[in-house]
Amino acid sequence: MVMPLALMEKTVNKKVSLLLKDNRVLEGKLTGYDEYMNMVLEDTEERNADQVRRLGTVILRGNNVVSISPF
Amino acid sequence: MVMPLALMEKTVNKKVSLLLKDNRVLEGKLTGYDEYMNMVLEDTEERNADQVRRLGTVILRGNNVVSISPF
Amino acid sequence: MVMPLALMEKTVNKKVSLLLKDNRVLEGKLTGYDEYMNMVLEDTEERNADQVRRLGTVILRGNNVVSISPF
Amino acid sequence: MVMPLALMEKTVNKKVSLLLKDNRVLEGKLTGYDEYMNMVLEDTEERNADQVRRLGTVILRGNNVVSISPF
Amino acid sequence: MVMPLALMEKTVNKKVSLLLKDNRVLEGKLTGYDEYMNMVLEDTEERNADQVRRLGTVILRGNNVVSISPF
Amino acid sequence: MVMPLALMEKTVNKKVSLLLKDNRVLEGKLTGYDEYMNMVLEDTEERNADQVRRLGTVILRGNNVVSISPF
Amino acid sequence: MVMPLALMEKTVNKKVSLLLKDNRVLEGKLTGYDEYMNMVLEDTEERNADQVRRLGTVILRGNNVVSISPF
């Protein structure tokens, strides 16, 4: 079995795609997280149908996150 | 009686269909979960009326999940 | 007095109708629950005005449930 | 002073009117409750402007309840 | 300093106006409360622009309350 | 570093502007608060584009507050 | 690994951009925070497409925050 936080641990320093509750999609390198699934992303980009917005380093509150996909 | 988490346990490595609060439907192999019903899915697909989107491995936060149906 | 969880206990293996927060109505046999009112239903059907959708076995998160009516 | 749960206790086996968060109004006999204000109602009716729907016995999750009025 | 619950205590048996999250305004005599700001109101009235609805005694769940104004 | 509750403490008996989740703006003298950021305001006014409504003393539940600005 | 609160700590007295749940964007100097991600900002500005509103010192409740970007 793969515990969710164990997969987070293995994903540190790898690129992830995040879906937020407000339907925004963020991509970036996961550099940290805590037990509430708060996360630190680096080189973060917000991707829309026709747009990329560079956000750099971002601290994300876990309760806004729907899903995390390692690349 | 079948406790909900006991059924989760029995469903590990089997295919499930998930309904999320935002009405998205995900299908994939459940490879892990924790006591908050955070889950790890592999070979995940998001299915709409006329579309399948491949998401690969996904970590899902339990508080966005409405229901889990083992296949 | 009838404690809510005591009535849940008496309802195990009986048919129930559930109202969810998103206004969906599910009917099925309650085969398990826990203290968060997470539930396991079998032979579950989602009923709309003009439609029945068979869902089979379903694990439901309690925080999406408004009310539970034993038949 | 009248503590809210003490008034719940005194209202057991009496008829109540409940307002839910989704604006539905339920009337029925309160036969039980717990410290989360989960409740058991019997002979429950949902009342709209022009309609009465009989629901029989209902287990209600407290976090959907706005207010409880003893008759 | 006036602690919020200390002001609640001083307001027992006095008339209050409550604003709920769904924008309803209730007026009544506060006869009790607990640490979750659940409250008991007596002689409660719901007041709209052009209407008064008598609700009598009401148990209110605190998490639906925005603000409490003693008269 | 300025801890949020330490700044609340220093703001007692001073005028503040509050933004609530429902976008209402309240101004008044902060006379008390607790660790949940429940607050007591005196001489409270609700300010809209073209209107001032006097609310007098108000107990506010912290979970409806977005931000607090000392004047 | 960079823990989210450790990055908050390193960001004290630096300028940040905050995205709130209601889609407002605030910029200011982070002068404090606590474990709930409540924050104190100084020289805060709310930025819209075509507008800057000066808010000065602001205490923000953490549960309204989606993400924090150090400049």
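A, B, C, D, E, F and G are the chain letters, set down in written order, and residue numbers restart from 1 in every chain.
Basically, a residue touches a chain if its C-beta (ideal position, glycine included) is under 8 Å from a C-beta of that chain, and two chains touch if they have at least 3 such contacts.
What you are looking at is a predicted structure, and each value in this text was computed from that prediction instead of being measured.
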Fewest touching-chain hops separating subunit A from subunit C: 2
Distance between the centres, which are taken as Cα means, of subunit B and subunit A, whole angstrom: 19
Length of the line joining the C-alpha centres of subunit C and subunit E, rounded to whole Å: 34
Gap in Å, rounded to a whole number, between the CA centres of subunit F and subunit C: 42
Of all residues in subunit D, the ones touching two or more other chains: 63
Sequence of chains encountered when the ring is traversed from subunit D in the direction of subunit E: D, E, F, G, A, B, C
Residues of subunit B defined as touching subunit C within the complex: 1-8, 21, 23, 37, 62-63, 65-70
Residue numbers on subunit B that touch subunit A, as the complex places them: 12, 20, 22, 31-34, 38-40, 55-61, 63-64
